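Letters A, B, C, D and E mark the chains in the order given here, with residues in each chain numbered from 1 onward.
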Amino acid sequence: MLSIENMSVNYGAIQAVRDLSVVVYEGEVVTLIGANGAGKTTTLRAVSRLLKPVAGRITFMGRDITRLPADEAVKLGIAQSPEGRQVLARQSVQDNLELGGYTRSNAEVKADIDRMYGRFPRLGERRSQMAGTLSGGEQQMLAIGRALMSRPKLLLLDEPSLGLAPIIVREIFDIIRELNAQGVTILLVEQNARLAMQSSHRTYVLDAGQLTLQGNSAELVSDERVLQAYLGG
Amino acid sequence: QKIENPVPIGVAVAQTSNTALLGQEQVIGAKFAEKFLNARGGINGTPFKLVFQDAAGDENSAINAFQNLITKENVVGIVGPTLSQQAFAADPIADRAKVPVLGPSNTAKGVPQIGNYIARVSAPVAVVAPNAIRTALRLDPKIKKVAVLYAQNDAFSVSETGTFQDTAKAQGLTLSTVQKFQTTDTDFTTQVTAVLNADVDLAIVSGLAADGGNLVKQLRQLGYKGLIIGGNGLNTSNMFPVCQKLCDGVIIAQAYSPSQPSAANQVFVKEYRAQYKKDPPQFAAQAYAGVQVFVEALRAVDRKKKLNTWSLDDLRVALNKQILAGKYNTPLGLISFDKDGEVVQKDFYVAQIKMKDAKTGSFVFLK
Amino acid sequence: MNDFLQSYGFLLVTLIQAGLLGLSLYFPLMAGQLSLASPGFYALGGYVAAIMLTNPAFAGLRDTLGNGIFPLTWLAAGLLCALAGVIVGVPALRLRGIYLALATIAFIEILRVVALNLSITGGAIGIFGIPQAFGFQDRWQYLLIFGPMLALVLAFTYMLQKSRVGRAFRAIREDELAADAMGVPPTQYKVLAFVIGAVIAGIVGSMSAPFLNTWNAKQGTFDASIAILAFVLIGGSRSMWGPVVGGALLTAVPELLRFLQDWRLVINGLVLVVASLYLPQGIVGALGKLRKSPPPARPPVAPAPDPKGGTL
Amino acid sequence: MELSSFVQSLMNGLAIGSVYAIFALGYTLVFSILGIINFAHGAVFTLGAYFTYTLVVGQFENNGLLKGINLFPDGSPFSGSAVMFGLATILGACAAGAIAVLIERLAFRPMRSRGADPLLALVSSLGVALVIVNLIQLLVGAEIYNFPSDAYGEVKPALSFHIGEKVVIIRTVQLIIFAVSLVMLAVLGYVIGRTKVGKALRAVAESPSTASLLGISVDRFILITFFLSGFLGGLAGTLVGTAFGVAGPYFGVVYGLKGLAVIVLGGLGSIPGAVAGGLVIGLAEAFVPAEYSAYKDAVAFALLFVILLVRPQGLLGRNLIQKV
Amino acid sequence: MTATLTRAVPKTVLEARNMTRRFGGLIAVNDVSFDVREGEIFGLIGPNGAGKTTLFNLMTGLTPPSSGTLTYEGRPVLGLAPHKVAALGMSRTFQNIRLFKALSALENVKIAQHTRTHAGLWRGIFGANRAEEAQVERRAWELLDLVGLSDRAGEEAGNFSYGDQRRLEIARALATEPRVLLLDEPAAGMNTSEKGGLTAFIREVRDRFDLTVMVIEHHVPLVMNLCDRVAVLNFGQLIAMGDPASVQRDPKVIEAYLGGE
């Protein structure tokens, strides 16, 4: 469904991702792990078209999207829950969610929002509060909820569990499994590598902008190198 | 340093900025003089050329323009700048360099006193304004109550209104209301209402073309029936498009009138009309006069000793002396200068506006 | 040389003057405050000098002091602007961004209208016939006071930026709240930066009044505010050289373009547009990019790195 | 204060205030989407008036490169009837809108893509203003141009009535200005306050990158906003121009500055704020007693200063409590 | 745990009494009282939106309280401006990282030494502050060493990856020379191995600088490992407090926060 071929991304003179190739098949959950600064976020931002790669090619459902503007990518069915949440601080929770469904019709969106409040009752209680005044975790829920609002075919999640209470983390991973069961393809970046690998089909390991390992999640979980570096021995 | 041929005379007036409304008329007048006087033999056979430097509306630009004219363009003298405030800043530089300056439109007190090399062809307000009130009283002896309105951010209007108010009081009139406005104002309903409610027979307006014109228009539109006197700032056909038909009947105090009967003026007016299809405005006439004074003084100097034998520095000094000594028959009428460089102008004029249609009108000489 | 000074002396002084005004706006900006008040203080300083140098009330003082009156006008302008800076700054600096900018513009406009209406300021005509500083014969001689003033202000700025106070300014510019939480009192430093800018602008004004020979209400206007802001931004707002370079350049451009005659100001406008498009970090910022600054060096007596360090 | 002068001041204040409002709306729209002040807005205001003038009269006077030109030798088709004049006004405003779009393309967009200091937009738009103003002067001179007195057809120039002894007079243009402003405000208020478009606009304003992540086409929104802003500016220019004449290339400068005061007073980026700000300043100016009219210009700014001290976010601006 | 046990009866550094903060109708922090003892590592957990960050904001002066008191070594803290609190000796990191993004890492750490240095305007201008500056510089490098960022000292803080920014925040907080350090989710964005390292690091810092530490954290194993005592907030109220093991078993905590199995 998504294929990244030999992609490099730079920030000015700094090369954050080098010659990276990643494939995500339809219906898959794929995890990207790596140390701080490995280039995971950079990769996701390139796929959602917020960053321009300097080399390589990104194709989505057979279509070359390397030069597509970000808003077009959303219309093709790519949604991202970004690092740092990026909620629209000066808009209410409700408005943030409605904007998440910007590409869809109003009626559908209304129904989905109610469902979202069912999932995250916390957001329902806060629906008219400005998103900028939410607690960190509440914002994280909102960011994820907002990404879901566009009913994406490919969902990009950047550290979705960040700042969430254990009970909510569990909820998030339930959602991931559920969505996947409904056929949504997911590319997941997660520091909680064990949990992520348990809920994904395949895993790529990044280090300093380059691919070091890849394989079935189930196998990599017990890989010596992964255990050592990411799972705390 | 030798004198260039054609002889360069500097013109530093506002070609840009919001002072350009005045400056562009001065440019026209000066260019007119250049063409006209050169066609009549220039300086005893030697042509002269005008060198323009934009003095914009601020002091720095005026100084830079002067500086350029004096040191780079080697002009024999300068006509400029447009505003009195600029004159206070720039004239001392010319004075120090011993370059004669003729102010074409600097009317504030103290300008000719800046130095020996500074003179002006623009009469100060105090001598122009009183005539208008006297004429109004002649037209309508029953006038008792007067409203005075002036643009308080315009140096010229502020000093003019002082003269108007003093004259009115001296003539035994009552100042029923004094209203201030800004040259940038467009809506004068407040002032007009005050005038209407004061029930006056005469309204005296000191302002510039746009604001003055609007004020006249709104006075009339809102039902003011009495006489209106416009100060010297309104002595321009630029006002016609603003108040259009409603300009009709406004009495204007003039330092220059197209109807001035001298031959010098009538030729000027005729040629100006031929080219622009309207009467020359005061600013054009004054700039013309400035250039003319330079040219005539140069002729006199040349007669004493051929221009191409002078050094520039000496010529400037001699020219200045000659300017102050001479008498000039300009479109403004006969003018000369006192020892400070203040203009001594024989005639001042009062005119009444007559509108032919919405766009064209004329200043009809009242004497 | 003398010819050159005769022709370009005035312009040179105005370039320095522009640079100094740029610096006066740069100070509040250093602490993250978009203040456009500089022309107001410049005008105020100019009026102080113009009044002290022409008003009959000061005749006695002028006679006693001789040329000493000029430094006194600088001092008086500096002090008065400092005071005005505190009075305006303390309430205004609670505002942020464009709100602050507009509040300072309000200050300028109020000042302008008041100057236009007072008799001591000469109303609409202003004050004229201001005596030349130290009996200078030519305008280029003002290089002798504006030059040292620029050097002084630059030295001051340089030292300040390196110091603890300079760091506090930068912290507030980056994130006022975080600075506060890290122990930097924002209000105090914002007012300090604002007042420093006010004093510089005021002194420049007091030096400029004799230089221009006349002073009036057109000297400190909204247009000037934006022009000065342009000096800083086109020059580069993150280095003290930016305002100086920007001020000098943007003041020189319309003069250099005089040969274009009527097109001069059109092209001047285009220069501003193109410069903002192609020099997003300003001229000095662009130059700085060319010359990569070396990574900061450790102080010479480096303590032995903690063996347990870097294990995180 | 007497009732008659109160009513008179009220009328004047509402009329001038609504011009301020409609002009300031153009500022506020651009601010609300890009977070920048477009200093060229005053110049666009001027342009709008010149465009309409060109359509209605088609002749220029003695100065500038276009002097002596006559577009309509047989008389302009836009002159002489109120309907045709209205059409000219709309066309003029559209042309101003197109110029605003051009300004965005040439002077703002390249800057955005280079990640420049947003303050630089002030400088760039100042440059644009300089270019426009001086081009106008170059082309048609600095003189005052005026619409023919029959621009509105046979509509009477003023209505007057008495309260007691005293007259109260309302100029027809004042009424027209007021009415047009109300209509524009209602339309904009609805679109931005009540529709999805408004929400998207606010999202773009807050974070263009986040907005694009939600599928909002940032560029298109910016384009529309600039067109609207130019349209409103140009419309205000024509309205003021018909009422008071087109007073040269610097015509819009005063409005440029007043407009800034208006939007900041009302609260940056707030549509009702621009309206409230315009009316407050218009009324405050109208109620300055005649003997203090010298201080009229200071009144707007003094008011601004004081109100900001009490409400740092402006009258109707929203105060964002920062969460840390 | 080991470190504190060896100390003699630890004195109380912080005393919070009935601290309350309302936002409109919402009570974000509701009548919270607790003591923190010198040298301990005190954990604060609770569901999202329970009021943990708000409590930190109250303690550091960033949010004014609705009511209640807090004393630090007997001196009242609430109502002081943030920089005054920092000067007293309490410093924090931010949940939503708030570094001086456009400044270098080194500058970030130097700035935070503000309250511990004194050179005013004139001493700075005349260069009479050399000794102090040298000291500031030295300490800044030491702190960067401590968090392992000294080889990137000159880089802009905003360009660091998320995890590295968190480290720099800790260094910056330490630069104010606090006696009490408040960490808001220091492990967010770190992977499991790094979280392990963090436990050791916080302890080490505590010992080396003689600190009292309060930590907000959602990563339960880390909290349980690191903290001497843990308090649990839910809907603004303190629902449990005690040693980690007992808190972890508390059914109220399980229901509200940990989630039942």
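As a convention for this text, a contact is a pair of C-beta atoms (placed from the backbone, for glycine too) under 8 Å apart; a residue touches a chain by one contact, two chains touch by 3 or more.
As the structure is a prediction and not an experimental result, all values here were calculated from the model.
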Chain labels contacting chain D and also chain E: A, C
Chain A to chain B, fewest steps along touching chains: 2
Distance between the centres, which are taken as Cα means, of chain E and chain B, whole angstrom: 75
Distance from the mean Cα position of chain C to that of chain B, given in whole angstrom: 37
Rounded Å distance, chain A centre to chain C centre (Cα mean): 49
For chain D, residues contacting two or more additional chains: 134, 294, 297, 322-324
Set of chain B residues in contact with two or more other chains: 16, 152
In chain C, residues with contacts to at least two other chains: 116-117, 177, 262, 265
Which pairs of chains touch, using the document's own definition: A-D, A-E, B-C, B-D, C-D, C-E, D-E
Sites on chain E touched by chain C in the complex: 60-62, 81-83, 85-87, 91-92, 94, 98-104, 106-107, 110-112, 114-115, 117-121, 123-127, 129, 132-134, 136-138, 141-142, 145-148, 150, 153-154, 167, 172-173, 175-176, 194, 197-198, 200-201, 204
List of chain E residues in touch with chain D within their complex: 53, 57, 62, 94-96, 98
In the complex, chain A residues that touch chain E: 11, 14, 33, 35-38, 41, 83-84, 122, 126, 133-138, 140-141, 159, 162-170, 191-194, 228-233
Of all residues in chain D, those that touch chain C in their complex: 31, 37, 39, 106-107, 110-111, 114-117, 119-124, 126-135, 138, 257, 260-261, 264, 268, 294-295, 297-298, 301-302, 304-305, 308-309, 312-314, 322, 324
Residues of chain D touching chain B in the complex: 5, 8-9, 11-12, 15-16, 62-63, 134, 137, 141-146, 148-149, 157-158, 160, 166-167, 169, 171, 174, 240, 243-245, 247-250, 253-254, 286, 288, 290, 293-294, 296-297
